[in-house]
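The data blocks that follow each hold one structure.
Consider the two complexes below, in which subunit A is the common component and subunit B and subunit C are the respective partners.
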Partner chain A sequence: MTKLAQWLWGLALLGSAWAALTLGALGLELPLSCREVLWPLPAYLLVSAGCYALGTVGYRVATFHDCEDAARELQSQIQEARADLTRRGLRF
Partner chain B sequence: MAAEEASRSSPRSRREPKGRASRQDKYSVLLPTYNERENLPFIVWLLVKSFSESGFNYEIIIIDDGSPDGTRDIAEQLEKIYGSDRILLRPREKKLGLGTAYIHGMKHATGNYIIIMDADLSHHPKFIPEFIRKQKEGNFDIVSGTRYRGNGGVYGWDLKRKIISRVANFITQILLRPGASDLTGSFRLYRKEVLQKLIGKCISKGYVFQMEMIVRARQLNYTIGEVPISFVDRVYGESKLGGNEIVSFLKGLLTLFATT
Partner chain C sequence: MAKGTDQVVGLGLVALSLIIFTYYTAWVILLPFIDSQHVIHKYFLPRAYAIAIPLAAGLLLLLFVGIFITYVMLRNQKDTKKAQ
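Showing the complex of A and B:
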């Protein structure tokens, strides 16, 4: 099953479960407090997902490691390499 | 046993190779180049240094796509300096794709492991011994360098570039759940037969090609290990990440999402 298919199945399953419960299609009479939460649940989840995404990406950008040492090391190794290769006869 | 090996081996390898690589293990580094006259001497020097110090057996295959800037001349000089058993020149007439460069390189590779990396010094050969150790440790089919985990990271990216990178990676992780943290990276170690199999199955280009390799690898149940690497981008200032590339990345991502 492709990832797209998995997502569609997952959404279809959750979506139909939610619809069944909120519309009372299964003949279950849920207490009002339950239904009050259930009805806007998809919207809540969407907003939470959005916040999670924003927070995660923000955190990861902020902690994105800057490799200053690597750049410095590379520079000095390039100097070393240039000297060594010239000694070995490389014409740059 | 290690001491016996060391005394029997040639004077050049005074230290036993770490990670207990067997005597038959050989690592072929594929270097596709286009206009890398400036960087080629240094990447080769660093590769030779890294392999000599760690004692692993290696060869470097330079696949130049008819660079007009004299890359081939430099490559020939390097071959004279280091020997044609270490530096193999396998050029092509004109600029063709990366996938075909790998295929072309592998035809001539005598190693049982293949290392792919960029020739522009953004990938540092010092990580290769770590890749090899990691591969031995977990008997992985693929070891991928990651910029996003551990103390992996990047030098030379501004905030905008970092944001684009993280957002792209986040979307990719959500949609593809690939089991690897850095999908667009191109610094990897493959078992030769694994790389051959994967290239045969991949059809995308550019960034997406590297992503597709990992996704296909997961489909085929190959194991993937990760090693944090530092990516020193000296080119970013000149080549901005344009709208075109972003669009083609998203198109490729959605294609993989819908077809794998």
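Showing the complex of A and C:
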């Protein structure tokens, strides 16, 4: 089974479980506070997934291992290559 | 770009995501179990907004992504027409 099929299958299972519980199709008498938590659950999971993504991106940006020397060396090598190629007749 | 501003932006994003996560978790998960007469309910909007605000934000995001894609595609089309 492909990854997409696995994800869709999992989502379908969780979605149907949530729908069955919120619509009371199983005949369970959940206490009111549990119902109050249950019905926004998909939105909650989406928002927390978004927060996790945002936080991970921010963390990786903040802890990025920048190599200043290597960057400068690369830039000078690029300039060198450009000069060399223009001398040989290549137009940029 | 210097690493200083990168760090500030990154940590800002982390802080923002933590704030949103804590507020939203308290709103959706914790509030139903707290007595409705407690003073903390004053700091949270009515529960229907817990779905409406993320939904509106998501739709806005999709709108901006669509506009950006349209803009880039039109610009590419114009460039290829000019090249011809």
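As a convention for this text, the second predicted complex is superposed on the first by the 68 of 92 C-alpha atoms of A that agree within 3 Å, B and C clash if a C-alpha of one lies under 4 Å from a C-alpha of the other, contacts with A are read in each partner's own complex, and residues count from 1 in each chain.
In this section, contacts are C-beta pairs under 8 Å (C-beta built on N, C-alpha and C of every residue); 3 or more make two chains touch, one makes a residue touch a chain.
Everything numeric here is computed off the predicted structure, so don't read it as measured data.
Of the two partner chains, subunit B and subunit C are each touched by A:V57. When the two structures are aligned on the shared chain, A:L26 is found in touch with neither subunit B nor subunit C. By the document's definition of touching, of the two partners only subunit B reaches A:A70; subunit C does not. By the touch criterion defined above, A:K3 lies against subunit B but remains apart from subunit C after alignment on the C-alpha atoms of chain A.
Contacts of A:L11 after superposition on the shared chain: neither subunit B nor subunit C is touched. Touch criterion met: A:R91 reaches subunit B, while subunit C stays clear of it. On subunit A, the surface touched by subunit B in one complex and the surface touched by subunit C in the other have residues 57, 60-61, 64, 66 in common. The touching residues of subunit A, when paired with subunit B in their complex, are 2-4, 53, 56-57, 60-61, 64-68, 70-71, 74, 77-78, 81-82, 84-85, 88-92.
Across the complex, subunit C is touched by residues 32-34, 36-37, 40-41, 43-44, 46-48, 51-52, 54-55, 57-64, 66 of subunit A. Subunit C makes touch with subunit A in their complex at residues 3, 6-7, 9-14, 16-18, 20-21, 24-25, 28-29, 32-33, 47, 50-51, 54-55, 58. Interface residues of subunit B facing subunit A in the complex, by the touch rule stated above, are 41-42, 45-46, 74, 77-78, 80-81, 121, 124, 148, 151-157, 159, 162-163, 165-167, 169-170, 175-177, 230-232, 256-260.
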